[in-house]
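A, B, C and D are the chain letters, set down in written order, and residue numbers restart from 1 in every chain.
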Amino acid sequence: MATLLVLILLLPLAGGVVNACFGNRLPRPVPVFIATGSVIGSFLACVGSVTAAAGDGYRLTLFTWLQSGNFTADVGLLFDPLAAVMALMVTGVASLIHLYAAGYMEEDPDQTRFFALLNLFVFAMLTIVLADNLLLLFLGWEGVGFCSYGLIGFWYSKKENADAGRKAFIVTRIGDLFFAAALLWLFALFGTIGIEVINGRAGELAGTTTVTLLALLLLLGACGKSAQLPLMTWLPDAMAGPTPVSALIHAATMVTAGVYLLCRLFPLVSLSPLAMAAIALVGVATALYAATCALAQHEIKRVLAYSTMSQVGYMFLAVGLGSVSAAMFHLITHAFFKALLFMTAGCLINLAGHENDIRRMGGMRQRSQAVFWLFSAGLVCLAGAPLTSGFFSKDLILATAFAKGDLFHQGLYGLGVLTAALTSFYCFRLAYLVFGGDFRGEELPHAPHALMLWPLLPLAVLGLGAGLLNLPHLLGGHSWLSGWLAREEDILHLSLDTEYLLVATAVGVFVLGWLAAHLRYRRFREHEPRGLRQFLLQGWNFDALFARVLVRPFRAAGRFCSHGIETGVIEGLLAGCAATCVSWGQRLRTLADGRVNHYLYGLLWGMLLIVGWFLLRAVVS
Amino acid sequence: MTLAALQSLLPQILLALGSTAILLGGAWVRNRQLWLVVGAVIALLAAMTAAFVEPSQTDILGLYGATAYARFCTVFWSLTVAATLVMSSRYVELYRFGGGEYASLMLFAAAGMSLLSAATSFVGLFLGLEVLTLALYVLIAFRYADNRGAEAGMKYLIFGAVATAFLAFGIGLIYTATGTFDLQAAAAGLQLDSGIRPLGLAGWALLLVAVGFKISLVPFHLWTPDVYQGAPAPVGGLLATAAKGSVLAAFLPLVLMTGGNGEIVRILWFLAVITMLLGSLAALPQTNIKRMLAYSSVVHMGYLLIALITGSDAGSQALLFYLVIYCFATFGAFGIVTTLATTTNEIQDYDELRGLGALYPRRCALLAVFLLSLAGIPPLAGFFAKFGLFQAAFRAGYAELAVIGVVASILSVYYYLRPLIVLFTPEERVLPREAAGYPELTLLFFAAVVLILFGLYPAPLLSLVSVVLPVL
Amino acid sequence: MIVPMEHLLVLATLLFVLGFSCVLVRRNLILILIGVEIMINAVGLVFIGAAALWQQVDGQIMVLLLMAITAAEVAIALALVVHLHQRKQSIDVGLFDEMRG
Amino acid sequence: MLATDFSILSLLLWLPVAGALVCLVTGSRAPSVPRWIALVTAVLVLVGALLLMLVHDRSGGWMLLEDRTWIEAFGIRYTLGLDGISLLLIVLTAFMQVMAVLVSWRQDKAPQVFFALLLVLETAVIGVLLALDLILFYLFWELMLIPMFFLIGIWGYERRFYAAVKFFLFTLVGSLCLLLAVIGLYLLHGAQTGVYTFALEALKQTELSAGQELLFFLCFMAAFAVKVPLFPFHSWLPDAHAEGPPAGSVDLAGLLLKTGVYGMIRFAFPLFPAAAQKFLPVLAVLALVGLFYAAWVAFSQLDIKRIVAYSSISHLGFVILGLAAWNQIAVEGSLLLMVNHAITTGGMFAAIAMIQLRTGTRDLNQLGGLWKSQPNLAAFFLLFSMASLGLPGLANFAGEILILIGVFSVKPLWALFAVGGILMSAVYTLRMVQGTLWGASCEPFDRRDLDAREWGILIPLALLVVLLGCYPQPLLDVLREPVSALLLTGGQP
C-alpha cells in the first residue's frame, strides 16, 4: 500500500523531472507519452490505494525534511477519506486533461516544457492533497503557484501572457503570506505542524480570539489560491494560458485548493463562529460578484473563469455553513463539468478559427455536433438544470444555508439563489451567443484533434451523473459522500415540504434565467460596452482600484527607495563626504602655490604658534 | 682625540673619507658606474663596520655616542645610501650626472645622517644636520638641465638656511638657559623650576620649528611636495626616508630625555593631529605620484609623532619599527619612479602612468606592494607598523591619536590606490618600453619581499628594534 | 660680564627678527641670503654672550663652527644663484613657481 | 579537541597561496596553464574540505585545533580551529571557488594574475573562517580586500575604479573600527590579568563595564555589518557587483558576505554577550528595514546584476534577522540560508555572466525572450530565480522558513513583517525574470546555448539548489551542536 501511495506522488514528479531535464532530447511523441502515462499511472495508483483511506485513513512518513530544535517537518502522507476523494478527482481529471492536451498541444514546438510543467503541477497539487503537515502542504501550495505562473505565461513571447502569469503568482502569493503566518502561529501554539495533531488539539483554543485570527488568516490564504474576494483579480487574466491549463489549474484543481485547505483544517476553522461567518460571507459575495461579471464578458474563457470564481464562492459558502461534504460535493461535481466546459471551449475556439470572442462566434452547432452536445452538457450542469450534478451539489449548499434558519443564513440563502439565477442566465447567454444564429466571424474552422474530443465524453457523463455521489434522501439517495467523509452531521434532515420548496425554488430560478436569456439573446445584438456593462466587463474596475491603491504606491515606494534614499540620501551623503574631503584638499593645495615667500609665511605662523604657546605656558606656570 | 675615539667613529670616518676620495678620484676617472659601485661598497663597508666592529668607547668627546642605537642608525642609513646608489645606476646615465660628485655627496650625506643620529650634544647634532643638509642642497639641484631641479634646490636652500638659523638660535637659547650643550643635561635643565625656564622653553620652541621643517610637519611642510617633485627620484627617495629618519632618530632620544615634558608633548600632540589630517587631505587631490608620496611622507611623520608622544619603550619600539618599514616602502616607491624615468623626463603624472601596468607588470606589482604597505594593509609589514603604533598610543592613553591615525589611514587608502588603478587602466597609445637594470629590480624585489616577510613574521625586526632602543 | 645677558638677548632677538623679516619680505635671492646671514649672526651673538655668562669656551667653539658652516652654505647658495640666473635671467624667487598644488 | 602537530588546517589554508605562486610563475609563458592550476588547486581544497566533512564528529567543540607561537612581542599567536560552522562554510567556500574559476575560464587579460588573486582570496576567506586569534583573524579579514579590490579594479567594467575604491574604503572603515576595538580589548585584558594575548578564548574572560562592552561590540559590528552588508552600510555592494567581473561577483556573494555573519557569531556575540543581547532588537530592526528597503530598490533597478545584488542585501537581512532571534532554530536557519544564498546567488551571477556574454547587455529594457534562443540557459536562470524568491523545495526556502519559525517564537511581530519580505522577493525577482526570459525576443549576437563548460558550472549549482531545498538535513545535523554551544556562550536574552 505504501508503494502505491508513494507512486501517486512520485509518478507525476518523475514524469515532470524527466521531461524537464531530457524532454528536448527525446523524439517527439515520447515526452507526451511520459507525461500522460505518469499521470494515468498516478490515477491508477490512486484507485488502487483508495481502500486504505477508509475510516481513519493511512499514514506514511518518508523522510525528515527539516529538523531543527523542536521543529520537525517530515515528508509524510496522510491518506484519509477527504484526501482520497480529492486525489481521485485530481488524478482522474488530470489524466483526461493530459490526454486532451496531447491533442491540443500537438503542433506546439515547445510542448515538452508544457508537459513538464503540467506534470509538476499535478505533483504539487497532489502534495497539497496528501501532505500530513502544513509545511509540506505549503510546498505544494507554492509549487502549484509556480506551475500556474509558468503555464499561464506559456506563450511568453506575448508580453501580456507573461504579465498575466506574474500577476497570478504575485496575487496568490499575497494570500500565501497569510497562510505562512498562520503556519508560524500554529507551530508556536502547538509545537508541531502536523495536520492531525493540530486538528486534534484545536479544541484547546475554543472560544479564544486566537482561533478566530488563525481561521481568518487561513481564509485569506485560501482566498488567494481560490480567487475569492478580495484576491480574485488574477483569475480572469490567467485565461491567457493554454486551454488545458485553464481546465486543469484554473477550474478543476488549483483554485479549489483553498476550499480543500479549509476542509482539511475544518476542526480548527469551525471553532470560530465569527470566522465561519466570514468564510460564508466571502463565499457568497464572491459568487455574486463573479456571476455579475460573467454577464458582460466577451471572451468565452473569461465567462468560464468568472463562473469558476462564482462556483468556488459556493464552496466557500458551504464551508462557512459548516458542511464539509457539501463543499467537497460541489468541488467534485464542479471539477467535472468545469473541466468539460473549458476543454470544449478550447474545441470551440479551434472551430471558430482561434477566435475567443463570443461576439464573433455563433452557429457553432453547424461546425460540430459533438462539441455542441458536450458543451451543452457542461452548461446545464453549471446552470443547475434539475437532475444534473450541479443541481444537486448547489442545492445542497443552499439548503444547508436555509436550514440554519436564522436571519443571517437566510440572507446568505437569498443571495445564493440570486446568484443561481444569474448563473443560469449567463450560461444560456453563452449558449445562445455561441450556438444561436449564424457564424459571425471570418476565420475558417480548425478541426479539433480526435484526442480533444474523446476524453470529454467521460467528463460529460461524470458531470451529468456525479450527483449520485451524494444523492439526498428526498430522491432515494444515501448521501454516500457524507458517509465516506464521516460527516453524517452534514446530512440535512428537512421536512418534505421544505425540501420541495427548495427544489422548486432551484428549478424556478433555473427556468427564470433561461427565459431571460432566451428573450435577451435569442437574436444577437451588438452593444457598445458602456456604463454598467463596461463596469461589469472590467470586473467592477477592481483592477484599476488595486492599481491605484496598491501597485502605484508600491512603485512609488520603490522609486522613493531607489532614487530618493539610495541615490539621494546614501549616495549623496557619501558623495558629500568625498566632495568635502576633496574640496579641503583643493583648498590646501592652493596654499602650496609654488611661491617660497608664501611657504615661509607658513613657517612663520607655525613658529608663532609654538613660541606663543610655550611662552604662554611659561608665563602661566 | 684619542685613537679609541677615532676607532669608535670608524664608520663615519669611513664615509667621510670615502666621500672625499671619490670626489678626488672623480676628477680623473669619469666613469659613473664605477664611482657608484665604489660609493655603494664604501657605504656597505661603513654599515658592516658599524654593525660588527665593537666600538671601544660609547662616548666620543661628549659629542657623539656609539651606543647600540647609534650603531643601528648608522647601519640603516648607510645601507639606505648604498641602496640609493645602486638604484641610481640607470638614472645617472640617463641624465649624465657627474658620477664621482654624485656618489661623493651621497656618502657625505650618509656621514651626516649617521653623525646626526649618533649625536649626544647639541654641537654634534648641529654639525651632523648641517653636513646632511649641505649635501642635500647640491643633490636636490643635481639635474642642472632642468628648471624644476633648480627650483627645488632653491626652495630647499632657503628653507634649509632659515631652519639652520632657527635651530642654531634654539640651541643658543637652551645653552643660555642651561649652560651645557649636552643633550641629557640640557633636557634635565629644562625641568628646573628656575627663572630662566621661559628662555629654555623658547629655545625648545625654535628647535621644534627646525625639526618640524626637517621632517616636514604641517605647517612647515609646504616645501616638501615641490622639492620631492623637482629633485631627482633617487634623491627624493633619500629625502623621504633616511634624511627624515635620521632627524627623527636624533629627535627621539631628545624627547625621551625631557621625560614627557607636558608642554612639549602637548605641542607635539597638536602638530601630530594637524599633520595627519591636513597632510591626508592635501594628498587626496594629487595627480603626481611624487607629490603624492611627499604628502604621504608628511602624513607618516604625523603617525611617527604619535609614537614620540607616548614617550614609552613601546612607543620607541613602534617608532623604530615603523621607521624601518616606512623607509623600505617609500624607498621602493621612489625606486619604481626612478626605474620608470625616460630620457626626456621622469614619469610622474597619473596621466602618463596610465596603462603602464600592462607594459611593466612586475614593477607595477611591486609598486602595489609598496603603496599598500604604506597604507597599512595586511599582510604587508606596514600593517604591523601601524598596529604597534596604535597599540602604543592606546597604552599610553592617547586613544584619540590612534583614532585620528585611523581616520588618516582611511583617507590614505584613496590616494594610494588611485595610481594603482591608473596603472592598470587600459591605454591605447603605444608606449616605448624602457628596460630597467637588474640591480635595481633585484633591490626593489628584495624590498618587497622584506615588506611581505615582515608582514607575515615581524618578530625578528621587533626584537632587533627592542635591543637597540636608545638608553638614557 | 659687563653687558647684562638680558640686553644681549634682546639685541640678538631683534637682529634675528630683522633677519627673518628680510627673508620674509624680500624676493631677491641674494637679499634673502643676507637675511639668513643676519639671523645666523644674531645667533652667534647669543652664543658669545652665553659663553661669557657660563664662563665656558664651548659657546665660542660653537660660533666658529657656525661660521664655517655658514661659509659652506653661502658657497653653495651662490653657486645656485648663478645657476638660477642662467636659467631665468633673474634671481627673483617669485618667478620660480613652476611646481605647485 | 584534537591538537595535532600535523597541520591539516594550515595545509588547507595555504594550499591556494601555493597554487597562486605556481600560477604567477608559470603563467607568463603559457596563458592557458594558470586556469588549470587554479582549477586543480580549488578542487584539491574542495576535496580536502569534503574529507574533513566526512571524518568530523558532531560534537560542539573544536574538531581540529592548531596553535603556534607567532609574534611573542605582541602576544599574537597562530591559532586555527575548526568546528561545524567553520567546516560547513569552508566546504562552501571551496565549492564556490571552483565555480568562480570555471566561470572565469576564458579570462585572457593577465590570466596568471587573475587566477593568483582568486586563489589568494580563497586563502583569505578560509583564514577568516579558521582563525581564533583576533589579530590573525584581522589579518585574513583585511587580506580579503586586496585581491577583491584588484579583481574589481582591473578586470571590472566601466566604473570599476569607483566601485573598487568604494568597496575598499567601506570595508576598511569597518575593519579599522574592529582593529581599534581589538587593541582596546587586548590592552584591557592585559591590564586585568597581566597576560597580553589576542586569543579569543582568553579575551572572552575579560571583565568589561557595560559601556566598554557596548563600545567594543559596536566597533566589532561596524566591521561585520559593512561586510554583510547590513542596511544602511550596503551601498558598496551593488557597485562592486555591477562593476566587478563575474568571478568577483560569485566570490563576493558566495564567500565574502558570509564572513560578516561568521564574524558576528564567532567573535562579536561570544566576546560581548551582554551588549549583544541588548543590541539584538536594533539588529533586527535594521535587518527588517534592509529586507524591505533592498527589495524595493531592487524593484526599481534595470541592471539585472544590480537586482541580484540588492536581493543579496535583502536575503542577508533575513539572515541577520535570524541571528537577532538568537535561538536554535533561527540561528541554524540563518546559517543554512547563508549557504543556500551563496549557491543560489552564485548560480544567478554565473547565469548572468553567460547571458551578458551572449547579448552584451544586462539591461532589462534590452533583454527579453531569452527562452527562445537559449532555452537551457534560461531554464537554469529560472531555477535560480525561483530558489531566490523562496520557492519551497528549492534551497533558500529551507533557511527562510527556519528563520521565520525561530523568530516567531521570540518576536511574532518581526516574523510577520519578515513574511512580507517573501512577497517582496517575488515581486522583484519576477520582474527580472519577466524582462529577461519572457516577452519579445531580443536578438543575442551569439545564439548558441550552453557549452560543456557552462553545463559543468550550472549543473552542480542547480543540483545543489534542489538538493538543499529538499534534503538540507545533513547540513542542519552538522550545525546542531556548534550552534547550541554558540547559544550558550552568546548569552541569553
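Basically, a contact is a pair of C-beta atoms (placed from the backbone, for glycine too) under 8 Å apart; a residue touches a chain by one contact, two chains touch by 3 or more.
Here the structure is a predicted model, which is why all the values come from computation and not from measurement.
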item	value
Pair of chains joined by more contacts [C-beta pairs], A-D or A-B	A-D
Chain centre separation in whole Å, for chain B relative to chain A (CA means)	78
Centroid distance [mean C-alpha coordinates] between chain D and chain C, Å	65
Mean-CA-position distance for chain D and chain A (Å)	37
CA centroid of chain B to CA centroid of chain C, Å	26
Multi-partner residues of chain D (each touching 2 or more other chains)	none
Junction residues of chain C - those touching two or more other chains	20, 23, 93, 96-101
In chain A, residues with contacts to at least two other chains	589, 592, 594, 596, 600
Pairwise chain contacts, counting only pairs that touch as defined	A-B, A-C, A-D, B-C, B-D
Residues of chain C touching chain B in the complex	5, 9, 12, 16, 19-20, 23, 29, 32-33, 36, 39-40, 42-43, 46-47, 49-50, 53-54, 56, 58-59, 61-62, 65-66, 69, 72-73, 76-77, 80, 83-84, 87-88, 93, 96-101
Touching residues on chain D, where the partner in the complex is chain B	70-74, 110, 113, 135, 138-139, 142-143, 145-146, 149-150, 153-154, 160-161, 164-165, 168-169, 172-173, 176-177, 179-180, 183-184, 186-187
Contacting residues of chain C [partner chain A, same complex]	20, 23-25, 27, 93-94, 96-101
Chain B residues within the chain D interface of the complex	357-358, 361, 365, 368, 372, 377-379, 383-384, 387-388, 390-391, 394-395, 399, 402-403, 406, 409-410, 413-414, 417-418, 420-421, 424-425, 457-459, 462-463, 466
Interfacial residue positions of chain A with respect to chain B in the complex	581-582, 584-586, 588-589, 591-592, 594, 596, 598-600, 602-603, 605-607, 609-611, 613-615, 617-619
